[in-house]
Amino acid sequence: MSEIKTLTVAELAAASGGRMVGDGALHIARVADLETAGSGDIAYVEDEKFFDKARESRATCLIVNREYVSSQKNESASAFIEVAKPKLAFALIAEILHPQKRREPFVHDSAVIAKSADIDLTVFIGPHVSIGEDARIGAGTRIEAGVVVGDHVSIGRDCVLHPGVVVYDNVTIGDRDILHAGVCLGADGFGYVRGDLGYHKFPQVGTVLIEDDVELGAYTCVDRAALGQTRIGRGTKLDNMVHVGHNCDIGERVVIAAQTGISGSVTIEDDCVIGGQVGFGDHIRVLSGAVIGSKAGILPGKIVRPGVWWGIPIQPLDEYKRLNAHLGHLPEMRKEIKELKKQLDELKKRSG
Amino acid sequence: MSEIKTLTVAELAAASGGRMVGDGALHIARVADLETAGSGDIAYVEDEKFFDKARESRATCLIVNREYVSSQKNESASAFIEVAKPKLAFALIAEILHPQKRREPFVHDSAVIAKSADIDLTVFIGPHVSIGEDARIGAGTRIEAGVVVGDHVSIGRDCVLHPGVVVYDNVTIGDRDILHAGVCLGADGFGYVRGDLGYHKFPQVGTVLIEDDVELGAYTCVDRAALGQTRIGRGTKLDNMVHVGHNCDIGERVVIAAQTGISGSVTIEDDCVIGGQVGFGDHIRVLSGAVIGSKAGILPGKIVRPGVWWGIPIQPLDEYKRLNAHLGHLPEMRKEIKELKKQLDELKKRSG
Amino acid sequence: MSEIKTLTVAELAAASGGRMVGDGALHIARVADLETAGSGDIAYVEDEKFFDKARESRATCLIVNREYVSSQKNESASAFIEVAKPKLAFALIAEILHPQKRREPFVHDSAVIAKSADIDLTVFIGPHVSIGEDARIGAGTRIEAGVVVGDHVSIGRDCVLHPGVVVYDNVTIGDRDILHAGVCLGADGFGYVRGDLGYHKFPQVGTVLIEDDVELGAYTCVDRAALGQTRIGRGTKLDNMVHVGHNCDIGERVVIAAQTGISGSVTIEDDCVIGGQVGFGDHIRVLSGAVIGSKAGILPGKIVRPGVWWGIPIQPLDEYKRLNAHLGHLPEMRKEIKELKKQLDELKKRSG
């Protein structure tokens, strides 16, 4: 994905706030997993489950926790970086070794940019891009090929808009947001009023706000509010093909997996985790810290409390499991009822 | 989304066929909801549930029904428009106050248009658009940036094709259709024949017909028929990321919510309402007026009668609710069976 | 979709390895189904169920099996082609009568192609295409309007990339692949590590490999591996809007219907058939030959053995059906338990 830097183990230990063990002068070029890692690679060992695999790894350097360092006798790797959270340190080191693609400030000849647009001088704009009237694009932002930005759109600093992203008019995007291919922000919400002859469009004249540090997967759609605003909060991450309906309010640090669909006017508070293919009816409120399992379905208007939820319609995971266990006993229950009837009949006969 | 017009309450009352109550000379600039409305705003009150909220609203004008007018003593708003259906009147007034974006007739230099294409002089064609051989585009239609129109495609009058729409060859689109970003019409249906070495493509040589007054949400796909035609009927509205398989026949005034998937050769008759994330097996026929709840699943070949349907596989909503209530009693039923057994055993011992 | 060739029945019989019956000199222009076929059309009769319909068909030629030929007395069609597998022969003949759209070698002026890219002289490149550094495109491949190909991408021979396809950097595509509109290959997988302040991106620095003879439906997304590679095997066919997560390994001749979502690190072995809207948790392994019904849900880490599977969570189809039958008896079971209690109480009273 990008040019490869080489750094020493000592440099990476310093950068990740870890303790260096072994040869700090070794050069590291790439992150890798324990199994495929080789010379010049750095891998990580999150917990005890992987200690055996780690001992067989041919990585030049391993990121490990204190437990691993103290447990180990016969080391394979020539160097270690000891940290409290190896996976997190691995992610930080990966950002250093494999920085996001850099694009020099540039505007491609084929890009069509409205004269009234305010584009920072450090922006990259690729081929076949369109940018509308009064659009504003902040420093360091990268707009890849074929992106369409509407009128009166505001985009912050250091964002990446991957190819084919479509931003309708009047949408606001924060800083450091990553929009993958084809993300669509601000299309009309789905609202109609039935008249005598068919459906009339209910006004969809609100906006969309994407706060800072948000990442949206390919073809994820966030619809414009009918009236007011649809919001995706700071630090929230959505996977591919998620649908966010009009007037939704998604909080901060929320994670939503692929193909989940959220109807209009749903609120999801901070720090919720939502699985894939979940379906939300409208006007639901998910309270901060709730976890909703994949493929769950939630009825309109429901308030979802903190805890782990599962099923259609959702119920607490424990209850869901218990119910499923009971379901497995159904055939046996039918037999038992039959048997009870028989015995009772006999008893009745006998007892006259 | 668009320039803002100002109209008087009297003008809006006339335009919506309503009765003016109060100061008809007041100027209205925007539609809004009851809670956030302020000076210059018009809001609506659909039914009694919202009467209290309406009394507190700071809207300049409220659209209300007769019931509200007669019930009210102490009015907040300075003017009212009385109509039979306030929400519908609100939608009509919103269309007047916030008309769809207007584009002057124009063809951008970067658009690539086949010489054989027949483009009306009043059409707007944005940057980076491609239009194929013998394509025909009617008066007043707006083709936004990056749209791709294939060969022999026919598009009617006053349509809007939002950025990134893809129309494959030979597709026909009616009048006043709105296709949101990335709508894909006419991709090959999913049909193969298994041979000895793998799958051969079954011919996908039919077409797609989108009738008048249809709106399709972002990334909704309507596949080309294998043989014959896939149809979306007049006045039908589909939300984002709906999949319509080859040879489907969707009737008039059908509403389908986001992420619903419809397999091949499904017929949905007029005036049906389909929730989100519903899955249809192939060769289903949904009779006119049926309502299918979100996340429902329907087995291939099924005929769905009018009424409200729910669940996987679908059943009438009443039965679904009853079954779910019974399910909740499962743990209790198991206990009861156990208890019955115990009592019966005792009785047998005693009487044995 | 394409120019129409005319061929004689004799030519088509020879091309499909079938036996000609009747007038071999008749000209055939089109494939059609039994009901709408007319003069110049060829249709097929797969099995006995359709024999009556076939006798009424007005097709000029029918592709039939031996059974049909021997059963028939009074023929409608003027010619037959007798083969072992009529539907397969029909697919092969359709490919001859309706060949894929041909594009002469051509590069549109508006295409932006990196100087370091290696483009075969026989490639077609449409308007508004972007091709990145060191990309390689093989002979006969067709790149339609608005496609974006990243840096270091390799595309084989005779592929079709329909409008709006996005290929991120470093992806490899085989020969004869068909990517429908908006297919997205190589977007970052969905992986984060939670830190104190929010989520850090887990590195997504692997690649995507699409092998030969693969067809991917509109807006289907195959994410880049975190480390290593996401693979779609030879001859595999995916419908519209399928999501394939990072590090998945999809085997050869696998068929996956629309809107199915596959989490990270799932293996699907050769010759599996997966329905629409199925959801896979991560680290699942589906063994060769398994069939999974539409809307099924599979828990993370599960191994799915050959056979037919259904439901959420999946179970063998037989068990699923049995359980569903039992479920239908729940109301009756509750009544029976009540009745048993009553009878038992009476008995106790009497014998007490």
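As written, the chains take the letters A, B and C, and residue 1 is the first residue of each chain.
Here is the rule we go by: a residue touches a chain if its C-beta (ideal position, glycine included) is under 8 Å from a C-beta of that chain, and two chains touch if they have at least 3 such contacts.
Keep in mind the model is a prediction, meaning the values are calculated, not measured.
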Contact-graph separation of chain A and chain C, given in steps at minimum: 1
Interface composition of copies chain B and chain C: same or different, split at half: different
Chain B and chain C, separation of their C-alpha mean positions in angstrom: 27
Two or more partner chains touched - positions in chain A: 110, 128, 146, 164, 182, 219, 241, 259, 277, 312, 327, 330, 333, 337, 340, 344, 347, 351
Touching residues on chain C, where the partner in the complex is chain B: 1-2, 30-33, 36, 85, 87-88, 90-92, 94-95, 98, 101, 108, 110, 126-128, 144-146, 162-164, 178, 180-182, 213, 215, 217-219, 234-235, 237, 239-241, 252-253, 255, 257-259, 276-277, 294-295, 312, 327, 330-331, 333-334, 337, 340-341, 344, 347-348, 351
Contacting residues of chain A [partner chain B, same complex]: 110, 112, 128, 130, 146, 148, 164, 166, 168-170, 182, 184, 187-188, 190, 192-195, 197-203, 205, 219, 221, 223-224, 227-228, 241, 243, 245, 259, 261, 263, 277, 279, 281, 297, 312, 322-323, 326-327, 329-330, 333, 336-337, 340, 343-344, 347, 350-351
